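First chain written, first letter: the chains are A, B, C and D, and each begins at residue 1.
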Amino acid sequence: MIQLTNDPIDFAALTEQVRSNAAGAVVLFLGTVREFTHGRQTLRLDYEAYSQMAESKMAELLEQARARWPIVKAAIVHRLGTMELGDISVAVAVSTPHRDQAFEAGRWLIDTLKEVVPIWKQENWDDGTKEWIHPGLKKSP
Amino acid sequence: MKLAVKLFARARDLAGTSQLEVDVSEPATVLELKQALARACPALAPLSPHLLVAVGQEYAGDAQSLAEGLEVACFPPVSGG
Amino acid sequence: MIQLTNDPIDFAALTEQVRSNAAGAVVLFLGTVREFTHGRQTLRLDYEAYSQMAESKMAELLEQARARWPIVKAAIVHRLGTMELGDISVAVAVSTPHRDQAFEAGRWLIDTLKEVVPIWKQENWDDGTKEWIHPGLKKSP
Amino acid sequence: MKLAVKLFARARDLAGTSQLEVDVSEPATVLELKQALARACPALAPLSPHLLVAVGQEYAGDAQSLAEGLEVACFPPVSGG
């Protein structure tokens, strides 16, 4: 199951969705809005997506993970819009027979999501400035 | 042919629009689209070595050819998660 | 926070407990009762612990993890008694500034728990036999 | 001295009791305790090369010395999680 949503992410429901009698392990990853980054203070984050492509890439990630690990069930939800400190921006849940598989698949899913899924975050720093985060680029002027 | 290029994040902010129409002569490649974008919108220059292009909602390399009617998007490196 | 309990594990409450504005990542691991192991069918599992030592070892694990990773918050709960298929036997939740730390610490905590915390599970196979699981030992006669 | 040794899991099932009293002569080590356990309860023999000993709720090596009043436990490899 993959989803983009503007609403708060219900990680408990997501985790329940991937539980199964066929699985001995469930790994849930949550990305949450952190207050400090290299000493700078975040007030909130704005996320935007190229939505249709993001959804199709997220579905592709699940397929690729299923080809690499014996996944019983897996789900990715990414939230869009404005998020306050501590809010959950992304949740990845995966169940597998054994724990090494669940950790590896969960880690690969979030790492690869961050590389290929067209979603961007904009920092709202406490000094009132905004800044799109684009890895590999210099900061905006 | 005319292509409507969707822009996102800092690319959209720099261009001041979420969609730019550019004209490229057929047959055209992604590289030619990028050059046409840079001419049409000099404000994108600071991003240009880093811009990614998606054609039909798939990442496209510089050599990929373009056709009318395909959905084309251009954006800087992603930062979701 | 560490806990041994006879009650079902509330993993959502546990995860909420470790969320923090100082963390960008939360990893939750759940161990669940799997139906099939090497083709044999499990009906249920019974877990028992040397409780005081198990609690002190679990607390030690959290201390050791805090020394190795910049953990914001962490919690381990292990359930004891009889568990049905799909039930959660153990939950490990950890939050850190960045995701690599949360995955590594979560993985290390559950791996090390399984090596050093004095808790044992007994299989109740579908053929009516029971078998204590003791890694490295031959099966019971 | 007499030591009351807590037993768990298959060790308890084989011994048929959750606590065994064994007599060891002072000064005694964990190794001597294991030998005394094997004599007191031959049913534990199939487990004996694998039995772990905890003294004062800490894992103890064969050479560790024992004293009266310490909590002592003996059990096969753990399998929680």
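Definition applied: a contact is a pair of C-beta atoms (placed from the backbone, for glycine too) under 8 Å apart; a residue touches a chain by one contact, two chains touch by 3 or more.
Keep in mind that what you see is a predicted model, and the values were worked out from it rather than measured.
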Ask   = If you average the Cα atoms of chain A and of chain B to get two centres, how far apart are those centres in Å?
value = 26
Key: Centre distance in Å when chain B and chain C are each reduced to the mean of their C-alpha atoms   = 49
Ask   = Which residue numbers or ranges of chain A touch two or more of the other chains?
value = 31, 110
Per-residue multi-chain contacts in chain D, two or more chains = none
Task = Report the topology of the inter-chain touch graph, choosing from line, ring, star, complete and other.
result = line
Ask   = Tell me, which pairs of chains are in touch?
value = A-B, A-C, C-D
Remark   = Touching chain A in the complex, chain B uses residues 6, 8-10, 13, 46-47, 50, 54, 57-59, 73, 75-81
Chain B-touching residues of chain A, taken from the complex the two chains share = 31, 47-50, 52-54, 56, 78, 89-90, 110, 113-122, 132-138, 140-141
Query = Tell me, which parts of chain A touch chain C in their complex?
reply = 11-12, 15, 19-36, 85-86, 95, 97, 99, 102-103, 106-107, 110
